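Shared chain: chain A. Partners: chain B in the first complex, chain C in the second.
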Partner chain A sequence: MINTNSIASSYSPPIKIVIKYMGTAVLAFVLLTFLQLLEYETITGHHFQPKILALTHIATLGWITMIIFGALFQLVPVVLEVKLFSEVLAEIQYWIYLIGAAGLVYGFWVFDSKNFIMPSAIVLNAAMLIFAFNMIMTFIRVKKWNITGYYLAAAVFYLIVTAVAGLLLSINLYTPYIKINHLQYLNLHAHIAFVGWVSFVVMGVTYKLIPMFTLSHKYSTKSALGAFVLINTGLLGISTAMHYENTTIFFYFFVILIAVGIFLFLYQVYMIFKNRVRRKLDVGLELSVAAFIFFGISTLTGLITGVGNLSDVRNLSLIYGYLIVFGYLSMLIIGQLHKILPFLRWYHKYSSKAGKENVPMLKDMYSEKVGYSILYLMLSGMAVLTISFILDIQIGVLIAFILFFTASILFMINMITVLRR
Partner chain B sequence: MVTEELVRQKLKSVIDPEVGFNIVDMGLVYGIDIKDKKVIITMTLTTPGCPMHDSITEWAERVVKQLDPVMDVKINLVWEPQWTPDMMSNEIKELLGY
Partner chain C sequence: MITKEMRVSHVLQQYPDTLEIFIKASPHFSKLKNKILRKALAGRVTVEQAAKIGGVDLYNFLFELNKAINQLPDNFEKMMNRPKQEEELGTNKPEFLINAERGKIKELDVRPIIDEGKDPLSTIMNFVKNIADDEIFLLINSFEPLPLYTVLGNKGFEHFTEKVDNTFKVYFYKTGKEHGIKEDKANQIDDTFAINLSGYENVIEINVRELPPPEPMMKVFETLPRVDENTLLLVHHHREPLMLYPKLEERGYRAQSNKIEENYYKVFIVKK
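For the complex of A and B:
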């Protein structure tokens, strides 16, 4: 028998810093859906437009990455059974990161590379380096490595690659020096961000959280390892190939490797769900399942776009972007926050009261009805938006954006409900 | 007098807030030993690294301490044998559709 005196959650940083990151992210999501609603007329056609670049960075930096930072400060200690190296650094990083992200978004909005875009990229790089340092110093203390740990370590590496590539792009906007096409390099920056940074975190955390929530047992984890090898090879491959003007056959080879890797991950997720003990899924998990399906659809779209050289087809890159940002990542984050935030709140408010007085269950911490409304709004929004982009119906785009905005408000309300319980 | 059955009854009020079932019916309590004035509870959780770790163990300790006469309570958290869904009571298995 193995005795353990270690108390996993005593490794966790104070709820304050996690809530600060997550709260800012939720506000960023509301801002994102609001601004795109205001700017709906500009969001068609080519993706390289100031307003779209600004919105993309509210999504990636303000919403997605902000959430990931908060989630990792909470989850790394739990998953790897180690104390976070520095809470002070996490706090300092927050402010530097917030200034950098706000400056960059504003810089894109007014398209001022000299005064805003480039300086903000430097500030953001500083914030990312602080995060990476904090994580690496935490990783060093880990005694028992697991598959989640490998994914998270790789994700931190790709975050830095993404940030440096972003900085190089911002300098290129000011004084062009990159020999290959700016858009090709932007494409690489975006894919390293979405696959290397964001999706590696998603995958690593999924292997730990989904079995925990569904009580899954007795499944093989070979696919998780296979996905790790294939996606890393593919990412390092395109990072090399796409630095050349003529990306040759290697580009296709590595893109296919990444896609196969992602499908291996999705197969692993399917196996986890298939072997679950809790048959009925709650709204958080239903949102997550929808998100995983969108991950598959977006990967297929990306594969067809990349290999088929279809990036000039009208609105295709927009559809691809929305499938990733709204279909896959936003739905996943909304779903998972319906699991993580109630836990955090419960833990801090009710943990010490349990046994002395009646305490709520996690599912009672928010409104399930509101949760399902968010799910249906997001799903119908995605459907209306995709059709409207394909058929070029402007009013459809507007309707979809109203649906997304409503979803973001309901989401904020449900999260506030959790915090007020 | 504190008996194993009384302790077990008390532990049934400890509920995993995520799953919504008590730890006894979940099959998480492996053993209850009562020696002199001490209750030793050997238990596990559904997964190592579970963030509910200390919430649940402290909850268990708290409720058993409510027994009369008050006794020392020690929670012995173990990971072997590993918990499996087969350890759940038939009632829960049915409720979960397992």
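For the complex of A and C:
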């Protein structure tokens, strides 16, 4: 008669540390859009340049990964019904990570591999290992595994692979020892980072958060499982193939597997949205929908670039990078933070007062108008930037970067509004 | 027409009069009389499952239910694809019963207990404890106590039932061979709940299944002041509200969730 029956227990997530990570990430995003605005002339050159590498790592380490750490400390207890192993480790990790990330970015900026890049890479690896240890110790206690759990566990694995690959690359900059092309290895480092680490977290969390926000149910999760198998096979495949020469055929095969896996994920997201009870989407969800569309576009672009051997086509890899970092990930993070942060703040400050006195609704926690301005600024920024890259219009790139910078300022303002409510 | 696939809660909601049929069919369904238990437990169970839990014949049960609501189709028997069986009670009386000495038969009439609206199970079980191996336990009841066959069967009792007028006489006797111990699911229901639901007089029900976070939480908090020692708050929720628990704790309430199906949880909230 009774399916499962659980007695209430508390998995309350550590709010202070979550806000610390997320707050730092928002600042990093503003810094990122500001610096790329200053350096817009450099960006139109080849992607393997010191300043571009610095900017890339502000984006990946300061903005994206910082957000993910904060989000996971918040979500893992809720999603897997387990207490975070150690909040103290999360705090220690924050400082080590911050030092490592800042050192690495500065190291790339001035291109000093001996004093900054390599030591920072070591510090960053330490921070990643602390994180992985904290997560693994948390995972051990999980009683009810679900699809999100599998994705998160895989993501932690790829984070370590990314970090170690990054460390090896940083040593190679100092004393070259990697036999195969440095850029090929860099390509691997980047794709394990974006697909294995970042996207696995995004996918796993999406399966949980989007149904929660849209009240969606009664859909099959077969695509989610299919995506998991395909992308893992593809990633492990290209990681192996890249160590050998003349493996083009394998490489194509695995790249296609990954692409199909990503489209399965997007199909799963489509199914979730299709089965939603709440028809109207708010600004947070609209930003997320736009981000998922960009994920599809960037995957197609990546597939064409990789399989079509077009990496020499001018600016294509730049367009590809911006589609991922700004179109897909930044818009998703901005959208999801408009959902998560107001909820966290509300829960922390108002939930104890609800029912006793008047408390604000979630949508009163931030300005929806500002939210929509961010959405339109990001969308027009992406459009202007892509066209400007294709036609090589420098002034267009500058305009796009102004739009992104404005969006980041508005985003920061909206997040501060949430925290001050 | 009531079919075996219908949910008990649905049947009771549409045809409140059938409650009597349920209770008459098996004393285990007497729990349904309690409004709170009915809401809490009957949500997921189909008529077919209920028949199984109660240990009653599904066919007869459906027959009775449909008769009670005057929706018994003429071709009911055909629809059920089963001919009506002849009463087989009271035939082939075992040898030893015929020869049994009067003093060896211990009699318990549970009709007065049932008339009071109580579950006679605990009285029966206490009575059975004092039955020696060579004694016979005679139960007298106004209906055939089907679930008891399983319960006492697990304790090694065989049974023989005869019907005299409208009274059922059930003889339980030991044959020496133990049956495999099967867990009696009907009796587990109350044990699995840490909150004893039958201890509450009032129930407040709220449905937050269509609300996005944190509105379900807000609605619960708004309702809390109305929840006193005698009141149970039953929340229909689309997921288990993990983040609600610590906040309830803080305010002196405790909660428990019962998963009915994917995306449907019944959350019980009571004052500590």
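FYI, the second predicted complex is superposed on the first by the 410 of 421 C-alpha atoms of A that agree within 3 Å, B and C clash if a C-alpha of one lies under 4 Å from a C-alpha of the other, contacts with A are read in each partner's own complex, and residues count from 1 in each chain.
What we mean here is this: a contact is a pair of C-beta atoms (placed from the backbone, for glycine too) under 8 Å apart; a residue touches a chain by one contact, two chains touch by 3 or more.
None of the values given here were measured: they were computed from a predicted structure.
Chemist: Is A:L362 in contact with chain B, with chain C, with both, or with neither (first, second, both, neither)?
Modeler: both
Chemist: Is A:A354 in contact with chain B, with chain C, with both, or with neither (first, second, both, neither)?
Modeler: Both partners.
Chemist: Which holds for A:F213: it touches chain B only (first), chain C only (second), both, or neither?
Modeler: Both chain B and chain C are touched by A:F213.
Chemist: Please work out whether A:K280 is in contact with chain B alone, chain C alone, both, or neither, and reply first, second, both or neither.
Modeler: In the superposition, A:K280 touches chain B alone.
Chemist: Looking at the overlay, what does A:G261 touch: chain B (first), chain C (second), both, or neither?
Modeler: Once the two structures are laid over each other on A, A:G261 reaches no partner at all.
Chemist: Quick check for you: in the superposed arrangement, does A:G166 touch first (chain B), second (chain C), both or neither?
Modeler: After superposition on chain A, A:G166 lies in contact with neither partner.
Chemist: I'd like to check the shared interface: which positions of chain A are touched by both chain B and chain C across the two complexes?
Modeler: 1-4, 7-10, 12, 78, 81, 212-213, 215, 217-218, 277-278, 343, 346-347, 351-352, 354-356, 359, 361-362
Chemist: Show which residues of chain C lie in contact with chain A when the two form their complex.
Modeler: Those in contact with chain A are residues 41, 44-45, 49, 53, 185, 189, 192-194, 209-215, 217-218, 220-225, 238-240, 242-243, 245-251, 254-263.
Chemist: Hey, which residues of chain B end up touching chain A in the complex?
Modeler: 13-15, 17-20, 46-47, 49-55, 58-59, 62-63, 66, 76-80, 84-85, 88, 96-98
Chemist: Would you pull the chain A residues touching chain B in the complex into a rising list?
Modeler: My answer: residues 1-4, 7-10, 12, 78-79, 81, 208, 211-213, 215, 217-218, 277-280, 343, 346-347, 350-352, 354-356, 359-363.
Chemist: Over in the complex, which chain A residues touch chain C? Could you list them?
Modeler: 1-12, 78, 81, 212-215, 217-218, 277-278, 343, 346-347, 351-352, 354-356, 359, 361-362
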